[in-house]
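Before anything else, here is the set of structures, which you'll find just below.
After this come two complexes, each holding chain A, first together with chain B and then together with chain C.
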Partner chain A sequence: MSTNDDKAKEKAVAETENHPGHSEDKKGKGSGGSILLFFLVGIIASLLVGWVVFPKLLYSQKKQPINFNHAFHVETVDEGCASCHFFREDGSFSGVPKLAQCTGCHEEAQGEDPEEIKFVTQYVEKGREVPWLVCSRQPNCVFFSHAAHVELAKMECVTCHGPIGESTHSKIYEENRITGVSRDIWGRNIAGIKRNSWDRMKMEDCAECHAEAAAKEVSELEGPMEGFFNNAVKIAFPKSLSGRKTSVQTQNEACFVCHK
Partner chain B sequence: MKNEQAKKYGMVIDLDKCTGCGACMVACMAENNVPFKKDETNKLDSITWMRVFQLTNGKSFPETDICYIPRPCMHCEGEHGHSPCVSVCPATATDYSQQTGIVSQIYTRCFGCRYCMAACPYHARYFNWWDPVWPNGMEKYLNPNVSPRMRGVVEKCSFCFHRYQRAMEKAFLEGRRELEEEEYQTACTQACPAGAIVFGDLNNEKHKIHQIVNPDPAHRGRPKNPKAFRLLERLGTNPKVYYLSSREWVRRAGDNYLPHEGSGKGH
Partner chain C sequence: MKMDRRSFLSFVIGGAAGTTLSPLPWKLTDDLAIWSQNWPWTPVPEKGEVSYANTTCMLCPGGCGITVRKVGDRAVKIEGTKGHPVNNGGICILGLSGLQLLYGPTRVPSPLRRTGERGENRWQKVSWDEALAWVAEKLADLRGKRLSHTVACISGTDGGTVPRLMERFLTAFGSPNFIRTPSMRDSYEMTLHLMQGAQASIGFDIENADFIVSFGSGILEGWGSPVRMFRANSVWKENGVKVVQIEPRLSNTAAKSDKWLPIHPGTEGALALGLAHVILKESLYRKDFVGTHTSGFDRWSKEVVEEWTPEQVETVTGIDKSTIVDLAKSFANAKKPLAICGRGKGNTAGGIGEFMAVHSLNALMGNINRKGGVWAVPGSDHIHWPEVEMDAVASAGMQQTRIDGAGTDKFMHARHLLHRVPEMISAGDPSLVQALFVLDANPYYTLSDKALLKKAWAKIPFILSFSSFMDETAQNADLILPNHMYLERYEDVPYAEGFNKPFIGLAKPVVSPQFDTLHTGDAILRLAKALGDPVEKAFPWEDYEGCLDDTFGDQWEELQEIGYRVESDFEPGSRNTAFETASRKFEFIPEESKDAAKNVMVKAEGEEPAYPLVLIPYDSPRLASGFIGDPPFMIKTVPDTVLKENDLLVEVHPKTAQSLGISEGKPAVLKTPKGEARVRVHLFEGIMPGLVAMPTGLGHQAYDGYLAGKGINFNDLIGPVEDEVSGLDAAWGIRAKLSRV
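Let's look at the complex of A and B:
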């Protein structure tokens, strides 16, 4: 900041030196302009620091061990995402495939692709798991049930994960240096602006969708008159059964539904 | 969720069967990533979600008798539908779920004021005075379904809620929305070699706990079983952990009674 301030001052000084007579005539107006300039330069410098320099400092950049081509694999397999990212019998979600799933096809290199050859020689032949960096990994305190969303609510993978199946290269994994959490959770946009449902994976984003779903459910179940009546009851008698209260403080199943 | 009867998970511990072996405490610590220190002798700063206490009848040799009493979080329902800790929490870190009857504790939400610890009459809540330090390599053995806590937050027994979450996931995958009794059991229940702990839904008449305790809805869940009692019944905390004992002095030890007072069952 101070260097920018100095620059602004220097600029102002330079202007007065170039037009000495001029500045004396309009002394009041000239100083007003330099103050304005001072603030403008300050604002621009602050924005640059906040939007460009700060994210660079906050996030470290790491490359995936193997450059993975999602688009190619989705074309080859039969069951879309679920071919590799499947549910285990106990209801848990397998997430990133283990080496065992890959070796089904990649016992030996099938093509000339240097990334595949690297994968086979360094991981398959040595029996080492690939240390994939998981962009969508939530912090420790979060419990997310894929079964509830994919099986019960029939949601598409794209809704939260975006069109990752169409990507031909692994993107750079960016990790928050303070929290150790992937940048995909906060979102690429440092100001927190989102355009698509998959741009961020913060608690607000879960809550947004859930609030919409709850509102939809109510409007589908109840006619306008009934809905109006039930809303009135909810407001007048919040503890009554029709209030759909699921917990005392938050009305959200005591937060334990998504936290662990 | 619609068309579902609200659950009220509870526990009944048979003190006649409890040998005080402490297997429940060990199972609990391992299951829930409870931090420990090299020296755990100072019980004021050690953490045990499940704690076995020893009671004695205070009499000398021929009549002397002891009883071990395991104490998890009681998950109180109270008079107004929640526990004393929920009403004092200024951070909304702890809450009472009407779906399961479980008192939650959200560690990332807690800022460590410890009001809840002061409010809890059962001393079931513990404060993390330090960040957990695991012996070398032990972090690989931590339970991935329970988040480890950090310094400066309160923690307590959650009735192994993560097991409920995992059981529900399996149910969803199989197209169900209801759990079988054996699908959701706490770690202490399964670890008890004497089979003294029974866990289940107090609202479900098919569950063993309902049959044993026979809670009286007209008297805030007070047990109809004459052998059963709850700790500090008269405080009105309406706990969901019940105890069974055939011994009168053990049942009396569950609350503070004056010498001239009767059995303390209060029926």
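Let's look at the complex of A and C:
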């Protein structure tokens, strides 16, 4: 006695026997091409997402509250950048000027520029601080001393900040939606490739300069695999593991000089 | 083309490979690392310019100078002001925690009008115009009904421009009921008044004394100006100055003293007279002073010699008679001995007999108004406002008896008797107080006899709090008109408790007001304006700052710059402050209070055997027990032998605990004639057997989640005990029963 199931099985076996190899060939040829195709589609799509879509999604675009003309101000003032971005008496760096510094000249509008008039009416007269969006601001966990770099190492502003003093208008501020910091920290190039020293300001960029300055100090590197971390730190902060202090000011070891 | 399983997998692999070759995973990893270090609840220091602003702390009557470190507009740290005459760079834990009061969640953000039942904590925001108009309307109504005298104000301080403006407002309005909260200031003021005829504050030249006998004063617990006392204690240690601490419990002060004499609580006055007895008997007193500058000495010494023999004093105080004799001799033989009193932080008034007994001891040694002694410091005289022109209503109101009875025949010398107010209100019908203002005080928490207080509170139709913080009084008020907190406002602080030189500190705004608050000085001026003449014309100032400017005149700028004014070359008695009694001498037995000496001890409420133990409070520098509650920093420093989670621990001697069958940490019920509370027991050999000691400053119902609901309020378990002679609240403890559960 046979059931319906048994009959179906028999039929299937009979079909296979009649056309040996046929179905395997078809499968092999067709799937080989499509597998490659799907692989390519996957790779291209993900590359597009990673290189094009992701950066677009990652950053939001914001306008500065006032369109600021650096070039004009640099021409007008006597002491260059330090006229507005100065060191305080206690050695700390003032950063972006407060309203109090601006009102020295802009108690009233000096000209006809609509941006200046907007600044005077909306901020100076109301005594409100301008909520500038600061492109160079590092995350809160980073400590950076301007005094050590500008006063002691005599570095130029432009080395890290670029030719911002020549700009005639404020560019669009792009904010990283995840970290809340400016796109300028990672750099415009999503791959992190830079042409100028000021294009990005991640730890590697700090390290690059520090390594260069003290390259002669680096003598013995360990093997590439086992000493990866030590080598990285040695290159970045050459004095730390060689028994000498990284920071001249604080006489402290490497990591906590910058990482709070 | 159909996608089968293999194609799909290949798509995924391609996607993965592509993703790896794109910046996405690397950039995302980096971003997430940064994101994880910048979560919004991670505290981030302010960025900006660092600056320092000097002002005066107003959290206790200490009058310390404080320097606030600011970054940008944010105050980030409070330090003691270096070179300040009171605290010279030092600061206490409460002063240090002030920023949590400034930025913490206990602030009253705007005028609030009660919407629910009293104490339900349901409020409606109202505008300042609306709120002040409402108060003015209520006041005008009372004045119209000739009930101006039923408006009362409870104030934490007096003498400064803000309490004086309030007092002036009440005078012009027609009410004599400006009542200061009780403290040892009351008893010391009265002592100076009775024995020296002086209207003055007490000052101690502690830094120059060379032998200290403290009758329960918490030198290291916050007595006087706390930081000054801490520093003095260090100086004493360096210079070998002896400190003898007399109190029933091993407090911080007792632990750091050279000698601790445990005494039956409430008998400190008897010991003072016992010491006087020995000094008189052995003729060790300073005859030059006693002979020429005192009156009533013969009668007083006869009484003391007859009644307070070391044997009798031993029976009363529990201190061995040879110890009494030794102590009296050491005290008398010191060059500049000093006796001080006022229990704990001095937050209660105390009996006048005890204060006079201790003061007599100083007089015997001739150290009144002398280097290293007790000085009568004249009250600040910076306020010279024109006399208030009263109309008929105001005059009639001002002639009414004060609610607290201070200044009446019965309590002639008392200026403020707040503890009497709840009883008077409860007894009167309708309430003797129709409107109550509360200024820099938290009477709903600090007044004892809670049942009576609640009854009285319910009878007051309108209660207005000026508190910057949501304290118990504000929570049980009808309207809150929040003052700027002390770091946001100008105010003169006219004395530093126990400081021996005339002193005025100035509180200055170090940050701009954080909320929609108004300076109470301005609120009073605006209320006066809203009421119109004759109240309005008593206030000829545009605003409070104008009033300050006018009050200090040409000294205003200097005061603003320096932040305080001190007469550093002040010599006591060089001004007419010493001995303005009828006899122009120091009175050992003032005519007006002949019975004071007989009343050196006040009995605690309650009887044996229902209450076999005695409950006493103890103060701690870690527990703010005045009108301010502990900020979070402070409550975290309270050890778990005092507060375990929300349970308060009472201290009991192991022997007492054994007889009650209670062991360490076990729960118990503490019952007094005034209340009952569930506590836990901490066995402590530093407390005399038969006593139960309880910390003050806990059991808050208001403030924030860090403080509310923690422990028991000592004031809920005790009631006032009126000193018959002075009328002051002399309660130092209450009989109690502790039973296991």
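In this text, the second predicted complex is superposed on the first by the 174 of 260 C-alpha atoms of A that agree within 3 Å, B and C clash if a C-alpha of one lies under 4 Å from a C-alpha of the other, contacts with A are read in each partner's own complex, and residues count from 1 in each chain.
Operating definition for what follows: a contact is a pair of C-beta atoms (placed from the backbone, for glycine too) under 8 Å apart; a residue touches a chain by one contact, two chains touch by 3 or more.
Since the model is a prediction, treat every value here as computed from it, not as a measurement.
Of the two partner chains placed by superposition, only chain C is touched by A:190; chain B is not. In the superposition on chain A, A:140 makes contact with both chain B and chain C. Applying the stated contact rule after C-alpha superposition, one finds that A:179 touches chain C and leaves chain B untouched.
Of the two partner chains placed around the shared chain by superposition, chain C is the only one that A:45 touches, whereas chain B remains out of contact. For chain A, the partner that touches more of its residues is C, with chain B and chain C as the two candidates. Of the two partner chains, chain C is the only one touched by A:95; chain B is not. By the touch criterion defined above, A:151 lies against chain B but remains apart from chain C after alignment on the C-alpha atoms of chain A. Once the two complexes are laid over each other on the shared chain, residue contacts for A:87 go to chain B alone; chain C is not touched.
In the overlay built on the shared chain, the residue A:34 is in contact with chain C alone; chain B does not reach it. On chain A, the surface touched by chain B in one complex and the surface touched by chain C in the other have residues 90, 92, 139-141 in common. By the touch criterion given at the top, residues 31, 34-47, 49-51, 54-55, 58, 88, 90, 92, 94-95, 139-141, 176, 178-181, 186, 190-192, 202 of chain A touch chain C in their complex. Listing the residues of chain B that touch chain A in their complex gives 81-82, 86, 89, 92, 95-100, 102-104, 106-109, 145-148, 158, 161-162, 165-175. Residues 87, 90-92, 139-141, 143, 145-148, 151-152, 239, 245-250, 253-257, 259-260 of chain A touch chain B in their complex. By the touch criterion given at the top, residues 1, 3-4, 6-8, 10-19, 21-24, 27-28, 30-32, 34-35, 37-38, 42, 44, 47, 49-50 of chain C touch chain A in their complex.
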